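Order as written gives the chain letters A, B, C and D; numbering starts at 1 within each chain.
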Amino acid sequence: MPDPVSLAVKISGIRFKNPVLTASGTFGYGLEFTRFFDISRLGGFCTKGLSLLPRPGNPPGRIFETPSGMLNAIGLENVGVEAFISDKLPRLEPYGTHVIANIFGKSIGEFTAITDRLNPCPKVSALELNISCPNITEGGIEFGHDPDLTFQVVQAVTRVSAKPVWVKLSPNVTDIRIFARACQEAGADAISLVNTFVGMSVDVHRRRPMISNVTAGLSGPAIRPLAVRLVHQVAASVEIPVIGIGGIATTRDALEFLIAGARAVQLGTANFSDPLASLKVVQGLEEYCRSHGIRDISQISGSLRTRERPVPSRAASGDA
Amino acid sequence: MPDPVSLAVKISGIRFKNPVLTASGTFGYGLEFTRFFDISRLGGFCTKGLSLLPRPGNPPGRIFETPSGMLNAIGLENVGVEAFISDKLPRLEPYGTHVIANIFGKSIGEFTAITDRLNPCPKVSALELNISCPNITEGGIEFGHDPDLTFQVVQAVTRVSAKPVWVKLSPNVTDIRIFARACQEAGADAISLVNTFVGMSVDVHRRRPMISNVTAGLSGPAIRPLAVRLVHQVAASVEIPVIGIGGIATTRDALEFLIAGARAVQLGTANFSDPLASLKVVQGLEEYCRSHGIRDISQISGSLRTRERPVPSRAASGDA
Amino acid sequence: MVQAPVVGSTGYPGFNHLLALRSPEIADCAKPGQFVMAGLMDCASDPLLKRALAVYSIPRPAGDGSILTLLIKVVGPGTRLLAALREGDQVSMIGPLGNGFDTSRAKGRVSVLVAGGVGIASVFLLARELSAAGEEVHLLYGARRARDLVGLEDFQDLGIQVQVATEDGSRGSRGLVTRILEPYLRRYPAQRLAVYTCGPNPMMRAVSRLASTHAVDCQVSVETPMACGFGVCLGCSVTTVRSYRLACTHGPVFDARDVVWDTATEGEGIHA
Amino acid sequence: MVQAPVVGSTGYPGFNHLLALRSPEIADCAKPGQFVMAGLMDCASDPLLKRALAVYSIPRPAGDGSILTLLIKVVGPGTRLLAALREGDQVSMIGPLGNGFDTSRAKGRVSVLVAGGVGIASVFLLARELSAAGEEVHLLYGARRARDLVGLEDFQDLGIQVQVATEDGSRGSRGLVTRILEPYLRRYPAQRLAVYTCGPNPMMRAVSRLASTHAVDCQVSVETPMACGFGVCLGCSVTTVRSYRLACTHGPVFDARDVVWDTATEGEGIHA
């Protein structure tokens, strides 16, 4: 009998049976995937972003495929936190997986109001704050593009939250470490990284944007190298755990993030083309550990080795 | 006989026979492509980045392919401005295409010194400043990540340059418009956008970075949606022309940038897998203009139409 | 999700292609107007997403043979790669998906199926079901030119009435399919008619408008970009009079009266 | 750049594949040790770059038939897609590229070709040229297991001496190929020998070291990642004692004495 491999990880005081989660906006409210597999096999999943009131989302022209990626500007369509609590959450009871409620607001007050509503729900294990949306009270600046606003919103939520608070950062900034540190100082329990990158596509025949909102978020394998780098950078600059997200479709992809410093990962866009992708990564990680003689997956996190290499003796004088 | 189509564009006082150029670091010193086609057919090309002294570049492990993209950390290996002037430039004389010298330095003094050296060379039509490299005198901050440094280096070069000065911006910033405006105020004649996005990949078997430099620049179709968006944003916020770069491989791709606001485009990574890609885009743009009844390619630049769409009457109340 | 082996692949004129796949899971239960999300197995990540394709035909009686066919018009990389598959290759599929056509009120009515281009793929099962139920079925089929008409024989084999319109007049009436639709709407009383349509958006918009003018029931099968096909990406929204609806789960078939046609976003320039 | 039609495609054990392509431009002038950059035509953008592959064989005499073959080991998406091509498909190629082996001082010497795995592909033309010139040629061929040995018959047909080593002992000597190399280096005086090697980096490093110990001339054909293949991306650098050199234009063949072996970056974990 082969040695047992432990895939369990602990994040913000919660034990996950494995480090594989699915990302907000790509896994519905979890229930949509029960027809494909037993979602209890996952470490957890993040709900579609929840707002205080339901939102209809953007007009059509919401998605467009790009090379190894896709643009989306769904406009955060969701049923609202009330309907989530009354209609979705009870149906998630039977599943032995952690439900992470992804939430967003247009003001700090909205964030804390949603937190208040979710506090009494035992089936919600943690909150994930999506701060990549404009703060209307501050004139539309994105919370996630201003370190002070980031600090304020995170602090406000951690103060009222009965649950661990994860913060999902926007990658569209010059130095993400500043934002990660602001989150840590404000009491965040973990950082989810990354949300989508801002992009755009043009219909060249009609000379119109492909997406009604003009700009949209890029996700999928195309962004993976960018996301791995940000995770590596942030993991080295904060103490709280980092959850790696961005273009993960296979076990290899997940390992890139773990080795670069992530404690766990989330699969997003991959759920669309292969609803079983996350399950395959759970299985793949176990096989990887077994074949590499790794007993405990946490040994892998941040295990990236960098080392010196020989250089030609005359390289410095530059005759190449 | 079909109506003649004009592909000519004017940028920084220079007339280009068509808006198709090739990007720095992907077209050598031009000469390497003469075996594939007559480079006089191009509007112009940008040389490999030139430094004051030759540079050997980074140790092996310089490139790695990623989904629809590639990472590179060549380390700006180049022959140096002197060898360029003496060995390469004379051999470019016979070609009726504009040579744009891409230059970079580790200090403002290095930038101006290279400019001085190129001033007397008639075959160099313009300079393109690569400011995505660390300024050693300022303690390693990238010129392109600090608006003040950007302003300073651009102003210093425009003051001494006898040729038009284009500035190539780093896309790895929160708000690129600030940098574009700094360039404009400092006297830049055009903006080249984008340089590569910072990324990273991990060899999951050896748990080492795929690139010796650990981080590297992501280029190729993967980044196109990100680049189109930045070009669109910058074109709307400065008066000087924008040259669109990032993942262009086909006529359609080039048109996305032109429609979004670019005056011309550069093909980079595409030259590797198809050395004829730029030539095909020249031909494709002509066909596009003909079939869309466009006489003059400049009509296309910035012609993106955005317009209102119907919304469901109850959408605002959010029953979706 | 199923992996289905390709058991046949036939090229047709006009960049059309018929792909036959063995998939009991889908073939045994697909209903008229439903679709699958089909993708290449184990391919690199471009194209990234599966492609939505109507179930063109399944064995009759259901369960007999487990072969389903897809009628594919090659318009881009995804359809090109699918059309290039050969016997023995595998396709990864999710389905059947979507609501399908509502035939609960078809009884005793004259069913007029209006198809444009490859939209024909969505109505073959419908035609077969209705004609098997003994209803009177007419197919009005429009295309740019004769060679874009595909699958005509399959409909003729059902014994239903087929009329054709081509924009260049190379076959059937010259002009848009709405020209041959109008006489029908005049000939029968509104409550004796039911229109079902699938094709380019401008065509469906015109058909909807005509049907509405004549107060005739009309169902439209819309085409939108889709990332998942099963209701989680929320990318396939359709503007209806009351709300945005998802083409993949609430649709792709909608009551024509509910749809707010949106010329700005619904790719007439792409597939028309 | 040329578009070459596939004229033959044969699978071998050990995920190896022989692809035959009609390309007079390349077949008529490729020299031993040169390579091509090969890619799929008109494909989507993943894989993005062409793949470097040695010219395995060309007709003899040159110019007769214009068919060149590539021996491909499937290790990832690019090689998998190339191996999946069938007759009539097209491959887009740039080549012949690289310096090739230097045979100017081979005359009168015993040539020992040391190949590991699919590295065999780089030395077949060399073996043929040398043996046609009447030189004494030995092939020492190492692999993991018997089924990874490919192309052996082609070398035997040349009438040269072939010795095999497999790590699991399933064919020939058990162990690394260096074990069967050592006796050669002892048997002949150094100036009567010339070693040529191509294979996984750890193998070539070991071969180089042995050759150097015995003061025998040794040429190595290195493998690095390549984006362009023709000297513009500067991605394929190899650390040599004096400077970085480009594998695609200065190489892929280097004098073993010049190469600084770099275990940190040269994928022993990937292809070994």
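Note that contacts are C-beta pairs under 8 Å (C-beta built on N, C-alpha and C of every residue); 3 or more make two chains touch, one makes a residue touch a chain.
Since we're looking at a predicted model, the values are computed, not measured.
Enquirer: Count the smallest number of chain-to-chain hops linking subunit A with subunit C, moving only between touching chains.
Expert: The distance in steps between these two chains is 1.
Enquirer: Quick check for the class: compute each chain's Cα centroid; which one is farthest from the centroid of subunit B?
Expert: For subunit B, the chain whose C-alpha mean is farthest off is C.
Enquirer: In whole angstrom, what separates the CA-based centres of subunit C and subunit D?
Expert: Distance between chain centres, rounded to whole Å: 52 Å.
Enquirer: So how far apart, in whole Å, are subunit A and subunit D when each is placed at the average of its C-alpha atoms?
Expert: Comparing mean C-alpha positions, subunit D is 44 Å from subunit A.
Enquirer: Between subunit A and subunit B, what distance separates the C-alpha centroids? Give it in angstrom.
Expert: Subunit A and subunit B have C-alpha centres separated by 32 Å.
Enquirer: Residues touching two or more other chains, restricted to subunit B: which are they?
Expert: Residue numbers touching two or more other chains: 56-57, 59-61, 67-69, 77, 205-206, 208, 212, 220-222, 307, 309-312, 315, 319-320.
Enquirer: Could you pull out the residues of subunit C that touch at least 2 other chains?
Expert: 44-47, 237, 239, 243-244, 262, 264-265
Enquirer: If each chain is a node and each touching pair an edge, is that a line, ring, star, complete or other?
Expert: It is complete, because no pair of chains fails to touch.
Enquirer: For subunit A, which residues are in contact with subunit C within the complex?
Expert: Of all residues in subunit A, those touching subunit C are 25-28, 32-33, 35-36, 48, 56-65, 67-70, 72, 74, 77, 203, 205-206, 208, 212, 220-222, 249, 269, 271-276.
Enquirer: Where on subunit A is subunit D touching in the complex?
Expert: Touch residues, subunit A against subunit D: 67-68, 221, 307-315, 319-320.
Enquirer: If we count contacts the way the header does, which residues on subunit C are in touch with subunit D in the complex?
Expert: Touch list, subunit C to subunit D: 43-47, 77, 81, 86.
Enquirer: Which residues of subunit C touch subunit A in the complex?
Expert: Listed in rising order, the residues are 1, 39, 44-50, 92, 94, 224-228, 230-239, 243-244, 262, 264-267, 269-270.
Enquirer: Spell out the part of subunit A that touches subunit B in their complex, as residue ranges.
Expert: Answer in residue numbers: 53-57, 59-61, 66-69, 71, 77, 80, 145, 172-175, 197-202, 204-209, 212, 214-216, 218, 220-226, 228-229, 232, 247, 252, 255-256, 259-260, 288, 292, 300, 303-307, 309-312, 315-316, 318-320.
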